[in-house]
Structure formats: structure tokens, C-alpha cells
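Here the structure comes first, spelled out in C-alpha cells, and everything after it is commentary.
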Amino acid sequence: MTRTKLNVLCGSALLGGLSLLTVPAHADEATMEILEILRSKGDISQEKYEELKAKSEKADSEKVKITTKEKFAVKSADGNWEWGIGGRIMADYAIYDNDTDSSGMEVPGLSDGHELRRARLNMSGKFYDVWGMKLQVDFAGGAEIKDAYIDYSGFENFKVKVGNFKEPFSLEELTSSKYITFMQRSTPVNAFAPSRNLGIAGYTSFADQVTLSGGVFGDGIESGSGDDGTSYGVTGRVTFSPIHEAGRVVHLGAAVSQRNTNSNNTVRFRDRFETHVSGTRLVDTADLTNTDDVTRYGLEAAGVWDRLSLQGEYIMADVNRDNGFEDADFDGFYLTGSFFLTDDHRPYDFGPGDFDKVSPSTTVGKGGIGAWEVAARYSSLDLNDGALNGGKQDLLTVGLNWYATKNIRFMANYNQVLDLKGGAFDGAEPAAFQARAQVFW
Amino acid sequence: MTRTKLNVLCGSALLGGLSLLTVPAHADEATMEILEILRSKGDISQEKYEELKAKSEKADSEKVKITTKEKFAVKSADGNWEWGIGGRIMADYAIYDNDTDSSGMEVPGLSDGHELRRARLNMSGKFYDVWGMKLQVDFAGGAEIKDAYIDYSGFENFKVKVGNFKEPFSLEELTSSKYITFMQRSTPVNAFAPSRNLGIAGYTSFADQVTLSGGVFGDGIESGSGDDGTSYGVTGRVTFSPIHEAGRVVHLGAAVSQRNTNSNNTVRFRDRFETHVSGTRLVDTADLTNTDDVTRYGLEAAGVWDRLSLQGEYIMADVNRDNGFEDADFDGFYLTGSFFLTDDHRPYDFGPGDFDKVSPSTTVGKGGIGAWEVAARYSSLDLNDGALNGGKQDLLTVGLNWYATKNIRFMANYNQVLDLKGGAFDGAEPAAFQARAQVFW
Amino acid sequence: MTRTKLNVLCGSALLGGLSLLTVPAHADEATMEILEILRSKGDISQEKYEELKAKSEKADSEKVKITTKEKFAVKSADGNWEWGIGGRIMADYAIYDNDTDSSGMEVPGLSDGHELRRARLNMSGKFYDVWGMKLQVDFAGGAEIKDAYIDYSGFENFKVKVGNFKEPFSLEELTSSKYITFMQRSTPVNAFAPSRNLGIAGYTSFADQVTLSGGVFGDGIESGSGDDGTSYGVTGRVTFSPIHEAGRVVHLGAAVSQRNTNSNNTVRFRDRFETHVSGTRLVDTADLTNTDDVTRYGLEAAGVWDRLSLQGEYIMADVNRDNGFEDADFDGFYLTGSFFLTDDHRPYDFGPGDFDKVSPSTTVGKGGIGAWEVAARYSSLDLNDGALNGGKQDLLTVGLNWYATKNIRFMANYNQVLDLKGGAFDGAEPAAFQARAQVFW
């Protein structure tokens, strides 16, 4: 019986070792069996056997686990300490099809070109099992800090995070840029979602179905300035996911974020048309003055059915203005559908309530062809409200993703502005063809 | 006898392995004992036994030691090669209590806010036991190189360092920002101590009581410019520490630094009032023109008695001016007292002659409450001299430190300007409340 | 026979383990021998023996290999996954001997000084054996991305690379700054070679004698701008090396690079006089307007005979201009000779067709004196053509290199401008003495 149990333990440990490619937990299984043989033959006593077995197991338990497959990570044998060093590179190329606006003027700035879109390094750690930290820097344009936080998960089913990280708002915003379906997030998400700020937040979940998160955030990582101090916001999000297994996901979410405006009392919404090589923005409210605060509302829905996935969000921004200026309302939505041509699916991560990395069922370099995915997104962003004429843009993007391995993806997107009403380029309908080579680790 | 010796060896090795959480030095102790059993039973000859034992020990000695507890480090089995990758994050928040100066004007720029104070990554290495290097970059405001040096310790009791690192001047300046008692160093230290420059220095010590260090330094890491070349300085420091054990430290030190001024022949002394979120400086000499050189003198004293520690420094700067301008003298001092509410103490590091990280006697996340420390500091900086009216500032700071683990600390400081004589804000007495979340690894 | 084979295998594995200082592949050789003894005594059956032996070997094969000697690298046991984290520091100091030009004016900007010339960190990885990536950032002046690419070597004898990396042009340019003989590359190489750009390239080789490489490249890593898009270039290189063993190398190479000019239709050639602390450039074409494209031609030759090495290149740049402007031709060459005073030689790397790091035969810190090398270089750069008066500079550099260890080098260079014809400083012949402390890992 002891023997059987031992074998079962060793078997599962070896499997774990194999799948993670770590230093195996039971490297000296042979030694253990030798001990058993010696005992059965009476060469060593039962006591001696137990003692040596314990020593051998202890030696095993002290070994550090090193992950080399797909990422570099080191973990103490007891799991209390962990270190990871990772990064990402995204190299983009874009060609633009210019278009004249209603006045016959060509949209400026749409020149073909290329860029390193993101080039990041990060280090993360776990301390005494319950403390964590992450520091991540993007070098694509100088050095810009992204994640920089400490977290504590020692409470029952509750995690606290302090530092610089994403406010809990918008499914697409919270999904890592490594895992999003298209080269850029949709215009309404880029225009409205608060993204990373310095603050403190809490996270919890219930019944493996509901997650709740919320926090208080400043407005950046630089020193405060201005007599009225910097702006602060309060953001909360709830998600409901009754199903989240491989190839079967239902996700619903809602979030709200209230933020007083900065010391200049201005706020601005704008975005590029889902392409980044060109800096041209077709829709832009410019600085709205005499604003008091902004409330953002977001609704999320997503589902995965085998190779098919659907995802959509609606976001509204209520701008509260004073000194006799009328309040303003802007909104937008997007709807994305994606389908894998290969036997693959989009994976969902219940804890943070966002999408995770695709694990191709076959791999280029191991005899496979990787995962192939086609996708389409319709997005609409309305920055017109009364006399405010930021422009309303409807945009269609179609894309092809080739996940050569879990870490390496090649992407091609074609963006077509379907309709542009108002704003500085009323009537223009430019298009973009763009491609990306991406690696993360 | 061999057996006993073996056990002793194994025992200590295992202890070492446990405390460092590395790959244990004698993972196959069981194998060794099996060999001994086989020998004692005559299954293998004494020669065979010795041979296999030697092989097993050799295999052990080739193992790489990996530290995962508190930091990530990798060391070759012979100790000749070492690699470490570390970093720190400090996120600050500050609230200001403005105050009017003697003319009734409110001090400008004291707006509440937050910032990432420091966000650094570093890599260090050891080569053939005697060579070392370190490269450290701070990303809190773009990318700024901090330590970047090569050192050699192959001489008898003498180390040489070349590259960018701190000039040996001031106990508080030399103590890492990870380990200082308050959120900011004291004003006289920030105003006068030379900190990091590109240069070469030597380090030695005597009788485990005295350290000597000195070097020649340029004035930064950027290319030289200006017709007269860049400024150079010579700095030396001596420390005397007859006692430096856990909970018992006596430290005395003196340093001098002579530096010719830059090609513009200007020099400037100034500092914030021990808070960094606001950039406002109450004392500031502005650029002193027609300066020839500056000589800085520093005196240091510190002591630790169990939970109590005291630390103070006096620094003077002699500015030598020509073209008929009168020489100028500025000075300042600070006195810090700190007391641990828990059973902890400040550790001292004799080699560099500075304070080291606190190791809390209990840890949050392991059933403990961490280390709790209260502290107060009185600092005075006098930038008035004759007609020069930079201002004289007296400042009191009180602080509370919570060391949740060795790596994670939360800090709260309250700063009150007690007296401000002269300078641009004569008579103003603003205050600050500030808090920090800090992790290093 | 099995026994002998096993010993041979183990022997070589142990040797591998020793030389690389990794976790040895056969740590439990003793266990294997114990198994054999138990079998030979009949304590275990042949089947049991085979089973346990297989388990032990499997456990070994799952071990991760860690390199700590000279660099930090981690490799999966099957060699499919690899991670490396490296960097370099170069700290320079320079003194200038000014000189008056033909009009009696002193050359400006030649002030003595120092700088961190390079301070880089990089991370590289291998995925499923055939995919690779590298991300490298230089922090010497803010943060600047150097290498940032993905490569694939799954084709038969063919590698593809996409991202930011060096165009295949010029032996000296392709040789890493860690391994070049002098502190700066020669003026014609700096003035003409395209260096790193965002693009895609292919690499192959034949008969261990010939390498071919070529690619298409944009002009940097930032977003495109300008109505006509950014400039693009096509570059190809062939090398022929019939001999490349330790201490015996023959290398011949030729490269061509055609590039249309940027949207401003300007191009500029210039360089410092092989010293970087001062930014002064004695030769400079200034912006050539109305240019259409530039074609660069390069010829390379190098040889190593024991301690002696010779290396030379000739580069020409043909500027094609329109709107009635005459085409322009510029060219330059250099010739380097180096000789080791110790029993060392320059190593060559056939695959990329460039020079590699020197491995000193003795090491400082291990009882040796390191490798000592003297070198001289004559370089000539002609930026005069017809009415274009960029200047023609002849320069002699002599150098002394002390390779204390494989990773650490100290360098001293003396540069003397022999002749300067034309340009802004006609007739000036300044000199520089400069020294560097360098470490890479």
C-alpha cells in the first residue's frame, strides 16, 4: 500500500515535472526504490528505511523549481517564493489608404511606416506566499513605467493592491495587449477606459461566478502639481461568469468610474482609428473646459463556444460642467467576433475577469501549423453632443492571427472607416492595412 | 568516525540549505548512506565505496546554488560566480498644509499629490570571485542610471571600484534609500553630499574597527562639454566603529570632499523640505557665480542600543570665490532618534560603514505583525551667509515605519517647518503629511 | 559492454558539466552504479534494473542546465528552451589636445571629460529550439532600444529575422561593440554603415565557407511620419572564409545597400574622430538636399595568424540627386593591425561573419595576467566631392588592450588626426588620449 501510494505520488509529480519542464520533485525515485529493496531484503531495518526515505524526500522538497518552457520563472520548493522575468516585443508595419474629407482635403499624417509598438521588460515576485510585486517598463518610446505595484492576498478570499496598475474598467482594456484579438483595442475603449493610474484597490469573488473589484486612483505616476492637486477617481467593476471552462465561456460585466477633473478643469476624449503607426486622430473633443467631473459607465458581454468567440462592450462618459456650460454625454460600443480555423479556442481567466493567452493545439517547430484565427470587429465612437463636434466614427476591422507558438504571433489587420460624421475630417473614410510580429515571454 | 564526520557535514550543509533556501549541498545523503550499507555488508569493496562516494560528492559540488528567499540570486558551487537581479518600487502620497510667509504670500507649488518615487531594476555579478559589477537603472522619471561600476577585490584587504557610484561622503547618503528611516534624507545631506559620480575609488579597513575610503570623481555620466572641461572632485572618508554587533553599534565618521566648480564657475545649494511629491524648495542659494572650488566637511555619529538608535551628522560647505567675491560658508546638521515598538533593531554594515536592512523578528503572512518603529528627526540647514540670503530652515519630522516583511515597508511621515529665516519665503512654516508603500528585492 | 558505454557517457557528461559549470547531467551516477551492483548480486531482476535505470535517466534529463560562468543562462534539459540575461558597461575618459585650423581658430568642443559610453541590459530566449528572440536596451542616454527581434531557424540551413537589428553591412559594424579592437569603430564605418533598423532579413551559408545574408529595412523604430512615408533600404552581404579555426582566419566580404532617402529628401554623412566624449565632428557633409537614393558598397578583408590579426574595409556611398543637382560620391577605408603580447588570438565567428570575444589564456584573479594586445589603425574618410566640401580626414589610432578576464577589459587609445583637408576645420590636427573600463556579461 505504501508502495502504491508512493508510485502514485511519484507518477503525478513526474507528470507535473514534465509539463512544467522544471527540476522534477522526485528526481531520486530510483533511490527510494533501492531503499525499499534493501529493506525488503533485511539489509536495513524498518527504522533506517524510514529515516533514509525521509531524508531523501526532504532533499527533494528543498529543490528550487525552474520553469523554462514558455517563460522564465523560479520558485522555492515550498512555493512561498517566486521570481519571474518576462517581456514582450511588438513590431508593426502599416500602409494607409488616404481619403478626402467632405471639403475635399486629404487627411494629413497618414503616411506608411513602421514602429516598435511595445518593447517591455518586467520582473515579478512572490514573498511568503501572500505578498506579491510587479515592475514593468516599456521602452518603445523612451522608458515608461507600466505595472509597478505591491499586492497582499493574505486575507480570506480578498486581495489588496497598491501602486500603479489598471483601474478595473472594461474587458478589452483589462485584457493584456499580448492577448487582444486585433493590433489595437477598439476606439471607444481607448477613448474612455481609464487604464493605469497610481492607487489602491481590492479584489474578491463569490461562488466561482462573481468577481468584485474597486479602488481609488490618482492620475498618473509623476509628482503632483497645480494648486488644486491632481485629479482622483473611484472605480468599481462586477463580473458574472456562470460558465468558464475550456471552450465554453459566458461573461457579463458592468463597471462605473467617477473622477473629478484636473486642476485645469479640462477633459479630453479622442482616439486613432485602431492603428498606431500614424498618429492621426479622426475624432477628438479637444480640451473641454469648465468641467467638474466625469462619470464613465461600462457594460460588457462575451462568450466562447468552441472555436467561436463573441465579445462586445458599451461605454458612456457623462461630463459634468459648471459655470453655465452644458453637461456633455459621449458614448461608443464595439462588437467582435472571432473564429479559429484550427482546433483552438480563446481562454478566459475568471479571477481578473478577462481573456488569457491562446495555447495553440499544434506548434510551428514541432511539426504543427500553429493556431489560425479570423476575426471582425465593428466599433462606433460618438464624440458629438449638441454643439460639441468631436466627430462620430464607425469603423470595421477584419483580422487574421497566426499563433505560431504560444509565445509568438503574427497578425494582419485591415481597418476601414465606414462613416465619419462631424469633427475635423467630416466625411473622410480612410483605410489601413497593418501587420505585426509579436513575441512575449 | 567517517560516519560521524559525514553526518556532521551533512547536517550543517542541510542547515545552510534550509536557511538560504538553495539547492541543498547534499541532496543525495540517502545515496551516501546506501553506499555505506553496501560496503559494510561487503557488497562493494572499500575502493569501490570510496570511488562512488567521491563521484556522488563531486556531483553535489557542481550544483548551482539558487536563492529565492528575499532576493533572486544564483551562485556557482565553488562560489566564484554569482548573479543577482533586483529592484525596488516606492509609491508616495503627500498632503500639504500651506502657510503664508512674512509678506502674507502663500508658498506656491504645495499641492497634494502622489508619485512613483523610485522604480529600479538592477543586475549584479561576481566573476572569478575577485571581480564584481553592478548596473542599476531608475525608471521613475524616464531612465536614469544609478550604480554602474566594476570592482576588484583581489588585493589584500583592499577593493578598487571604477564607474558610476556614490562618493564616500555622509552616513545618511551612503545608506541605501531602501533602508533610510524617513521617506527623504535630511535637508543638509541632500543639499551638500555629492552622491553618485563617475570616478575611481579605493576601500580598505583595519582591525574590524576602522574603514578608509577615497577617490577621484568627475561630475556625472554624460559626455563632457564646455571649454574648461567638467569639474572634478577628490573625496575621502574615515569611519571608526569599535562595536558593531546585533543591537549594539557605535559609529563615528569624518569625510572631506574638495571639488573645483564647473566650466560656468557656478555652484548651487538647495533642497525640498524632506518631501518629494511637491518640488517646492524653501531654501536655495541660486547659482553662486565666480566660484573657484568647494570644500565639504562632514562629521558623523551613530549608535544602536537594542531597539533604540541615534544618528546625527554635521556638514559644512566652504565656497571659494574669486574676482573679488567674498568666500561663502554654509552648514547644516540633523539628529535622528528611532525606537522599535517590537523586538527589533537597526542593523549596521561595518564594511561600507552604513546602515543595512531591518530583518523583522516576526513577519506578516507568517503569523507575525512585522516590525514597528517610531522615529523623529530634527534638521537644520543654513544657506544664509553675509549678503547671501538662501534661507535658514529648521525642520521636525516624525515617522512611523511598519516593516511587514524584510522586503516590504509602509511608512508615514509628518514634516513641520519650525522656522524659516530669510530666503524667498521668509517666515513660512508649511507642513506635510506623507505616506509610502515600498518593496525591494 | 553496457558498463563501459555507461562510463563513457557519464564521463563526457561530467566533462560537459564541469566546463559549463551547469547542473551536471549525470548527478546520480552513483545511483546507477548501485543499481548495477544490486542487479549483479541478484537483488533485483534485469527488468527491475532496466526500469529503475530508465527512471533515473529520465529524472536526469528533466534537469535544467544553469550557466553561471561568464554569463547567466538557463536551458531546459532537452535544449529546446533557453533564457539569458546579459548586459554591458563601458565607462570612458578622454583628454584632448586642441589644435588650430588653417585660419588659426581653435577647434571648439574638445573639452576633457568622461561619460558612460554604453550601459545595456538584454534578455534573450529560445522557444521550441527553432524560435528565438532578443530585447536589448541601452541606458547610457535615457533608454534606447538596440536589438529587438524574433528569429526562426526551422528551415534547412536558413534563418529569418524580423524586428530591429543590424543591417548586414560592414565587418566592423557587425562586430559587437564589446569585441571591437578600439574604443570607437573607424570613421568610414560610422559614417556610412547603416547599422540597426526595423526590418526583415534572411541568413544562410554554404560549405562552411560562404555566408549570404540580405534584407529589407525601414529607417528606425519610431512611428512613421511625413507624407511620403519613411525611407526603405535593401541590403545584402556575402562573406567567404575558407579558413576559420583558432588562430587561423581568412575572411573576405562584400556588401551592398540601396536606400531611398527620407521624406525630406536629405541625407547626411559625418563622424567624430574616433572618440565619443567630445561631440565635435571634423568632417560633415551637412544635409544634402534633393537626394533620391543612396547606394553603399563595402569590401572587407581580415586575417588572423596566431597573435597577429589584420583587418581592413573600403566603403563607398553613391548619392543620387535630382532637380539638376549633381550626384555625389564619398568613400573611406581603414586598416587595422593588432598583436597580442600574451599567448592569445582574436576569435572569428563564421555564422555571422564577424569577430568574437577574446578568451584570455590566463586570467587576473586566477594567478594570471590576462591578455595584452597592442593595435594600430589608419583610417581615411573623404567627404569632399566637387563643390561639396565635407572634409577629408586621415587619422591614426594606436591602442593598448588589457583583457583582465573574458568579461573585463581596460583600454587606452591615442588618436592623432594626421591630415584634415577641407570642411569646417580645414588644416586642424587635434589629438585625443582616451581610456575605457569595460565589463559585459
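Should a chain be cited, it is by its letter among A, B and C, assigned in written order, with residues numbered from 1 in that chain.
The rule is simple: contacts are C-beta pairs under 8 Å (C-beta built on N, C-alpha and C of every residue); 3 or more make two chains touch, one makes a residue touch a chain.
Keep in mind it's a predicted model, so treat the numbers as computed, not measured.
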| item | value |
| --- | --- |
| Chain contact topology (line, ring, star, complete or other) | complete |
| Subunit B on subunit C, rotation in degrees - Cα superposition, rounded to nearest 5 | 120 |
| Copy pair subunit A, subunit C: interface residue numbering same or different (half cut) | different |
| Rounded Å distance between subunit A and subunit C, as computed from the means of their C-alpha atoms | 36 |
| Per-residue overlap in subunit A, given as positions that touch at least 2 other chains | 28, 31, 34, 66, 85, 121, 137, 142-143 |
| Partner subunit A, residues of subunit C touching it in the complex | 28, 31, 34-35, 38, 43-44, 52-53, 55-56, 58-60, 62-64, 66, 74-77, 80-83, 85, 121, 123, 125, 127-131, 133, 135, 137, 142-143, 145, 148-150, 152, 154, 162-164, 198, 218, 221-230, 263 |
| Contacting residues of subunit B [partner subunit A, same complex] | 14, 17-18, 21-24, 26-31, 33-34, 37, 41, 66, 68-70, 72, 85, 87, 89, 91, 93-94, 108-109, 111-116, 119, 121, 137, 139-143, 276-279, 363-366, 404-405, 407-408, 437, 439, 441 |
